[in-house]
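Each remark here refers to the structure printed beneath this line.
Think of it as A, B, C and D in the order they're written, each chain with its own count starting at 1.
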Amino acid sequence: MCIVFHTCILFYIQCRYTGYNIYKGKGSIAIKVIPPTWTQQQGTKSYVLSREGGLLFEFAPSTTIREYDWSKKTTFFLSATECGEVLNRGATGCEFLHDPGAQSDSAGQITKKMKWSPTPDQKGIYVGLTVNDKSNPESASQISLPVSWSEFMVIDSLIRFCIPRFLGFDQCFPPPGTVYAGSKDEAVPLPPSAPAYRSLE
Amino acid sequence: MCIVFHTCILFYIQCRYTGYNIYKGKGSIAIKVIPPTWTQQQGTKSYVLSREGGLLFEFAPSTTIREYDWSKKTTFFLSATECGEVLNRGATGCEFLHDPGAQSDSAGQITKKMKWSPTPDQKGIYVGLTVNDKSNPESASQISLPVSWSEFMVIDSLIRFCIPRFLGFDQCFPPPGTVYAGSKDEAVPLPPSAPAYRSLE
Amino acid sequence: MCIVFHTCILFYIQCRYTGYNIYKGKGSIAIKVIPPTWTQQQGTKSYVLSREGGLLFEFAPSTTIREYDWSKKTTFFLSATECGEVLNRGATGCEFLHDPGAQSDSAGQITKKMKWSPTPDQKGIYVGLTVNDKSNPESASQISLPVSWSEFMVIDSLIRFCIPRFLGFDQCFPPPGTVYAGSKDEAVPLPPSAPAYRSLE
Amino acid sequence: MCIVFHTCILFYIQCRYTGYNIYKGKGSIAIKVIPPTWTQQQGTKSYVLSREGGLLFEFAPSTTIREYDWSKKTTFFLSATECGEVLNRGATGCEFLHDPGAQSDSAGQITKKMKWSPTPDQKGIYVGLTVNDKSNPESASQISLPVSWSEFMVIDSLIRFCIPRFLGFDQCFPPPGTVYAGSKDEAVPLPPSAPAYRSLE
């Protein structure tokens, strides 16, 4: 998808830190956006999505009332498709299993399991994370926190908002007010290596 | 989340006033956006979400037909999670209790209760607000207005749109057309105090 | 809601024409966006939403196969709340009655009725528009076209996208990448006549 | 819809390549955005949507494990309304039939059929594409891949995001922070050939 537009070319960097924080007695969950990564094709004006975005879940245990020890946090990254599974079965129960060392020498060393299961009183779901490290059994950690249906609806709304953006679909439509220059075929020479999917079916 | 982009740096201020107004015989509700607040970390290009946004509900009693006395308005602020509760149970009934003086000397002085309950004829819901002030019992106020299912669907759509924005998730994705400069690792040095959540799991 | 941001101040006008067109044997429906209108408060940087947006439905009869006579079009404007009614009961049936001359001398002269009702074969809904003019009975027109569930799902998606924008809620959140200047309280003096709803509850 | 705004007029071209990729044993599906095409009306600042956008589905067979032969890909383009059908009946089953040569001399030569049908184990749906070419029967191809409910939820979210954009509705609302100049009636003379749909009903 080639976007032709007029814009201002000035350099600016900024960082944004936010997340959806759920605070409970035994611990806290912070849900954060990992945006997708775009890689520029050398010598072109083309950007290819090289890594999908997703939601990062951080779990911290509580120390005392309303105090959480983020130095002991454990984390779990949900891909776009795994976020789709939360929409589909998060409210009835589902499980995700990750091996951070997959496809490397340390495959199978550390295993991470995230589990979503309804609470017995049906007032929400437990979201839990278990981390096991074979080389260091004492470091194993387990945390499970109750998430209310209100909080689940927030997560649901966040996921629906984020999925298209995790996959870069928001970047495929020119921003409102985009000004086109000349005929598209003239103005936007497709780079040789780019997929020719504009020639539709 | 660090956004690297080219933009124009010129200063401009503008204010926008709008809301969703529901006018009924006994009174009116105005539903307004309170956007989140971002705080810049000193000496950096980092912004941290320091206060979540939410929906402000303003209730005004009517004086005569189609005239409302906004000087007598009472207000109730719904957080993102409370908005999630409206999605979850607004149509079947729910309640929110606020103490504006919480965690201060005036805790418990004023209590505010918002109640959503289906109308007897099932044509919609009553949305009511009760305010009590112990130090000034005469100032107690109570208002409850019928909201039709059509109006409820508007509120539902507004909430789904707003939740990601109340939590600043819209700011975590570079705007369409963002131009990246160089490799990300070079261009975006994380500030020392920033959470290192880009190093994923 | 005051937005403080840096932007480029150059003047540009552009017009966009689009709509969702449903073509049927007996006629065609074109569904178009009417954006809200903002009015600047004199001598300030404040804009107040002075007219809500909505969806304009245009109905044209067919002349021959795949030819439609737009010079004979009749139109119906759905407000944000009426769009909410389409979400709520469009699939099961609902009706809207408009009097274009309401609150003027010509009140009651012309009446317009839009009706949504399921087709007998349950494959979709009829969307119909009846216009009557008491002063010119011969000009009365009636058109009703079958809308498939696929087309209805498109309308549903369009409405959910548009409702927050009809009410100007998209303008209440600073665009991604907005740069704040100084402390908010300093930078954004509320205009005297502006509602003080930032001081929350 | 005329947008009056201040922006920066500098020329810039960029291309974005992304898609939602579903990898299975027998093959892979890549789902890509085709944005709508806008055509400028000569001598005006008006842009008319001249071709709706849609989703392009590309199917590639696998060669060996996790290797796909994209040179043998077959493609299918879903219009906005066909995307609405996926929302409506994709989970229960539906079919789309395309004739790439329709309304030309080669009508009926090539036929393409996309079929969505639940898997026997109810764990998802098969999405299949059959291509037949009468003039070259050996080139006929058939591929059908299982799509999990998680992946279907991603497709559902993508479609709801894309439908308003395929029809250009995102371009009908001024971008947040748009600055208006003078009264609208003065600033935005409608071009003579433009539909007069601002004069509402």
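One rule holds in what follows: contacts are C-beta pairs under 8 Å (C-beta built on N, C-alpha and C of every residue); 3 or more make two chains touch, one makes a residue touch a chain.
Everything numeric in this text was worked out from a predicted model, so none of it was measured.
Participant: Roughly how far apart in rotation are chain B and chain C when fitted on CA atoms, stated in degrees to the nearest 5?
Facilitator: Copies differ by a rotation of 90 degrees.
Participant: Looking at chain A with chain D, do both copies bring the same residues to the contact (over half shared) or different ones?
Facilitator: different
Participant: Find the chain most remote from chain B, comparing centres computed as mean CA coordinates.
Facilitator: Result for the farthest chain: D.
Participant: At what distance in angstrom does the C-alpha mean of chain B lie from that of chain A?
Facilitator: 24
Participant: Determine the centre-to-centre distance between chain A and chain C, using the mean Cα coordinates as centres, and give it in whole Å.
Facilitator: 34
Participant: Give me the residue numbers in chain C that touch at least two other chains, ranges are fine.
Facilitator: In chain C, 3, 5, 7-9, 12, 14, 38, 47, 160, 170-171, 173-175, 177-179 touch at least two other chains.
Participant: Quick one: which bits of chain B touch chain A in the complex? Just the residue numbers, please.
Facilitator: Chain B residues touching chain A: 1-9, 36, 38, 44-49, 80-85, 87-89, 159-160, 163-164, 167-181, 184, 187-188, 190-191, 194-195, 197-198, 200-201.
Participant: Which part of chain C faces chain D closely enough to touch in the complex?
Facilitator: So the residues of chain C touching chain D come out as 3, 5, 7-20, 32-35, 37-38, 40, 47, 53, 56, 58, 75-77, 98, 100, 112, 148-154, 157-158, 160-162, 165, 170-171, 173-175, 178.
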